[in-house]
Amino acid sequence: MTQTYLRSAGRAANQLRPVRITRGFTVHAEGSVLIEFGATRVLCTASVEERVPPHKRGSGEGWVTAEYGMLPRATHTRSDREAAKGKQSGRTQEIQRLIGRSLRAVFDLSKLGERTLTLDCDVIQADGGTRTAAITGAFVAARDAVNRLLADGKITESPIKDAVAAISVGIVNGVPLLDLEYTEDSACDTDMNVVMTGAGGFVELQGTAEGVVFSRDEMNALLDLADQGIRQLIDLQSRA
Amino acid sequence: MTQTYLRSAGRAANQLRPVRITRGFTVHAEGSVLIEFGATRVLCTASVEERVPPHKRGSGEGWVTAEYGMLPRATHTRSDREAAKGKQSGRTQEIQRLIGRSLRAVFDLSKLGERTLTLDCDVIQADGGTRTAAITGAFVAARDAVNRLLADGKITESPIKDAVAAISVGIVNGVPLLDLEYTEDSACDTDMNVVMTGAGGFVELQGTAEGVVFSRDEMNALLDLADQGIRQLIDLQSRA
Amino acid sequence: MTQTYLRSAGRAANQLRPVRITRGFTVHAEGSVLIEFGATRVLCTASVEERVPPHKRGSGEGWVTAEYGMLPRATHTRSDREAAKGKQSGRTQEIQRLIGRSLRAVFDLSKLGERTLTLDCDVIQADGGTRTAAITGAFVAARDAVNRLLADGKITESPIKDAVAAISVGIVNGVPLLDLEYTEDSACDTDMNVVMTGAGGFVELQGTAEGVVFSRDEMNALLDLADQGIRQLIDLQSRA
Amino acid sequence: MTQTYLRSAGRAANQLRPVRITRGFTVHAEGSVLIEFGATRVLCTASVEERVPPHKRGSGEGWVTAEYGMLPRATHTRSDREAAKGKQSGRTQEIQRLIGRSLRAVFDLSKLGERTLTLDCDVIQADGGTRTAAITGAFVAARDAVNRLLADGKITESPIKDAVAAISVGIVNGVPLLDLEYTEDSACDTDMNVVMTGAGGFVELQGTAEGVVFSRDEMNALLDLADQGIRQLIDLQSRA
Amino acid sequence: MTQTYLRSAGRAANQLRPVRITRGFTVHAEGSVLIEFGATRVLCTASVEERVPPHKRGSGEGWVTAEYGMLPRATHTRSDREAAKGKQSGRTQEIQRLIGRSLRAVFDLSKLGERTLTLDCDVIQADGGTRTAAITGAFVAARDAVNRLLADGKITESPIKDAVAAISVGIVNGVPLLDLEYTEDSACDTDMNVVMTGAGGFVELQGTAEGVVFSRDEMNALLDLADQGIRQLIDLQSRA
Amino acid sequence: MTQTYLRSAGRAANQLRPVRITRGFTVHAEGSVLIEFGATRVLCTASVEERVPPHKRGSGEGWVTAEYGMLPRATHTRSDREAAKGKQSGRTQEIQRLIGRSLRAVFDLSKLGERTLTLDCDVIQADGGTRTAAITGAFVAARDAVNRLLADGKITESPIKDAVAAISVGIVNGVPLLDLEYTEDSACDTDMNVVMTGAGGFVELQGTAEGVVFSRDEMNALLDLADQGIRQLIDLQSRA
């Protein structure tokens, strides 16, 4: 493909935005991480509660779940507050279900004991990629919470089997790009969110054609980009 | 891969369940299709309304949207009725958003005029693959509704650019299978829903690892299966 | 009365529409009946659950209840989906309460054991008389579910004391008619729904004047018609 | 029938409880009536608003509607407040729809002009027969509101075509009784609510067998009782 | 301050409206009081239930709580019914929380036993001061309910430590006034609700500047007025 | 009073916690302020929208309103997410109404033009005093938004008449304290929130006795403390 697309800040097509992971961003949660993908900022907290939802009661196993929210003015124009509207949008529910599944993919729930780990991912500022930042940050918060459980002697073995991170990729004006920011996301023909483990396995793959369908070749180009990006994120998580 | 998995009714790994498409299943809707993928039965109706949602008003363009529901006893055990609970589940919303996006991918909204086409996909009986049957059947119902608009002289050119169909694929006991039924869906390690056009482009791709992550090779095997299946479905749609 | 009213399909004033009862319409429910009164089609499923609502807990008695729904495009123009609106209309609640009371009238709850029988009546296509078709069909579904409980040895004696069926009657242009279809229902001065047992006792009687009040004589003429119609329905139920 | 039933306060089987109608019970509403059927007390207010619901806009016609509520401790034991629970029960909706239909039966909406008359019927104290007291009181409140519209010159001709009132009848221990109080209502085999006009026509008739079905003869005995009772109520309304 | 303000009915600035307290207004509740502050009329019932909310279970202590409502036509123009809207307004919740806290301030919950006292305060007619009338009346209803518990031998010592009453004060056209009626409330610059005990201690103090801020001196003038008014109310309560 | 109470970090009874005001904390909002009162951190954004609520349409005046929220893990133990529960608590509504009234007290709405200024106050971390921090921070965010309107030439004169700030005061173990942190708030006998303007007028005053009533003298001591604290906050606001 010979088309070109000029990204902001001179970013290369296969380049992540600057990623910043701040642990201990708030004090009460067992894990609290502010993750930044460029101007996207998501606060991910991990809360441990000594009870499980009904479908796990008496199973000896724990549960890992996630909730997602966006502050009303995280976006360019103010969005309605979901608490005031009285319901979460379909988009919100889709994203929080995705985060929950992604985290559970790297947890051995039987080693967690009958307790629940809730990942709250709240977007402070949005500039594209909030769900992928949320997954990547939630993993770090979850790890911190697990380490506290280990330190407190509540569990003796870590239930975490592998790291997990996520990135978006997409085709804008025919050019495959890594880690879309908002203007790119709005303009893209195809948008794909990829969730992978440290070992390189796929956990979730969600590709959507926005206007123009995509081919197998394009998909492969996107997955190559995603693979590169996720390796870097996994590395950043472990160094955080 | 040398593992094997015996499917019910002696079905081959790359074989669709018997597909049946009944047009005109109910009389009031502009398009009304009962689609069956084996024991999965979904009633898809297409309703034309001469108004558009706020974001399309005055645009000269139409809108295509979908709603999904499941009768309480479509499933093995009775599920709560969403109308009685007072809200649609996250799963329901995810599915109806997926159906809507899939259908819009093959519509030129500017040729529809300022009217809305609503696809109601209601599951009468569930045995796996309800969302893929819904997309496949909704396309036929939409086409019937469009034909009525053409016949009535309300539009002069079809807004439908291509056919669209969907199928699920998954890995069960290490074996890639086409068109999962309920028992396979429950047992699978990886579950992927693929939406493609008649021309073979991807519209949506949603893969989820349930327990075990999946590799690039496995994904490719699944996409090959899906590609085969969707070609057959597109053919069945055009013959219906 | 010397007025006349020409019914569609040459139907006589005291004639039911063609009634069709299809048992085993879906596979999962303990009882599953598609009932058709002319173009009105209602799917009635009976689900057995081994628990009772709070007011019956520990009583040794069971419970019989009903829920009613209408697919959005069961009607001439599309109605909003109640699950999407987040509440059931007053009409829906009235109807499902009526179905529940009608069925309980022929059940000896003490012989059901502490279990719940839920009748889900979902209108696939509406052309007047959905509530009466629902009651008539729900009884057949309930009977099938009871027979399964007997066959499974879960109960040793049938809790069903008698059959129950329902029909609408009304006065259109001064003419008393049996089993109103939609156009008649819209045009009628008086509309009455009658629920009776096999032994000919009244279970429910709901008459409403729409515009013009009705006299005692008119009511008697309507009840005579209803009595005839219900005898035929009871006969059809037992032969189904 | 030779059975007997001793009513409280030596009341005869065909005797109404003391009825008291207090007009102008509150000051703000265009009509405000406290109606008492024995210990049952319902406040009925009629409010005039210079707008109509969407289905009447531009029709030149008005609308008459009703809402019903029960104070939490109107009953023997406290009921949950519907505003706190976030929804009106099926029973509440059934009753308010019945009140609305009953009042509309005696209104010529074209003479009301494009305005809405809302009847709020709030039960201060309940002892059986709240819906029949509500209809009977609401008519008086509606009449007062109409008289004010006439006095203010907003309409020149009354839209009220006839009076309307309602009473309950039922069979308790085999004895047909007029105007059931709570203990009778709880014990009755059959319960019927009858709404009639001043001219003696039926507006609504709702009979329900509670446990034991009822025969045509029993129904006729009940209607005779109701007819007597309603004549007295209509008389009391006109003298109020 | 030399400004003057002429109150309706020749009322002095420091004069309460006529207060009327009717005990036993309805028959079912353990305490039932109609309280009138001029044209403001609030029905306060106290209901005893032999259970406590979760946070008190097993504590040996009871709970006192309140709910507040306004009949739709208690006001000059009709307000929407909260039960029909499906939620209580922020104002309603604020007021019922205030009533609950005010009552709890004079209760020793350990002497109530594990039971709940619910004060339902429903405004029959509104003319300003509904929340202060509600608190003042609810105390009398609560006292009656406690006396019944004592009479029934369910408790041996009264949990009531002191009386509690409330009044509004405000500055209208620069003049501090006691017990604002609706027209004064609408016109006032500052509005303050004061809740005090029989011993003269403050329980709640809520002052709001409507348009013009208020000074310390003005606040002191208002508190002097409130103090006077509440002494009179406490006296009226004890004589009721 | 000779009692003593040792505050954390050696804080004096009349000493504020360290206050930090960070302007421009997020990039999209017209005003965005992170305010910290010790460990309490609230993000206050001001959003300008070119429309007003119905009661202001066509008035030529603008509107100022506020919404309040708390991230689920802002607190010691995780609280339910209000968006997931489907409604805002009474406490949330009380606080956001208080913030809105406080801000409106210093706005001349006629100078704002027909536009709405929405203050979103979201608690990132809670340690007592979230509502007073919210009011204090919201004022700074509102001022920034107003300055942008002035800079953009959308208004020519500032609608802000004075500054506004808020602080909590309370009596803990008999000692009046300024700016309660969480442990003090939980232990206090009396809790008062005071909102004042730069000119020293009261906007809101909300005092609540928690367990022990408070006297006029105690109230005066608390108001003296609040007055001191608010002067400092107003000073910090103007220097921010």
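Quick notes on this one:
Each chain gets a letter, A, B, C, D, E and F, in the order it is written, and its residues are counted from 1.
As a convention for this text, contacts are C-beta pairs under 8 Å (C-beta built on N, C-alpha and C of every residue); 3 or more make two chains touch, one makes a residue touch a chain.
Predicted model only: the values in this text are computed from it and were never measured.
Separation of subunit B from subunit C in touch steps, taking the shortest path, is 1. The equivalent interface to B-C, defined as the listed pair sharing over half of its contact pairs by residue number with it, is A-F out of E-F, A-F or C-D.
Ranking every chain by how far its Cα centroid lies from the centroid of subunit C, the top place goes to F.
Centroid to centroid, with C-alpha atoms defining each point, subunit B and subunit D lie 51 Å apart. Chain geometry summary: the mean Cα position of subunit C and that of subunit F are 59 Å apart.
Subunit A and subunit B have centres, each the mean of its CA atoms, that are 27 Å apart. Annotation for subunit D: residues touching 2 or more other chains are 86-87. The touching chains form a single ring; listed from subunit C in the subunit D direction they are C, D, E, F, A, B. Listing the residues of subunit C that touch subunit D in their complex gives 87, 90-91, 93-94, 96-97, 101, 105, 192, 196-197, 199-209, 211-216, 219, 223. Partner subunit A is touched in their complex by these residues of subunit F: 26-29, 32, 39, 41, 43, 45, 47, 49, 67, 69, 71-78, 81-84, 86-88, 92, 118, 120, 122, 124-126.
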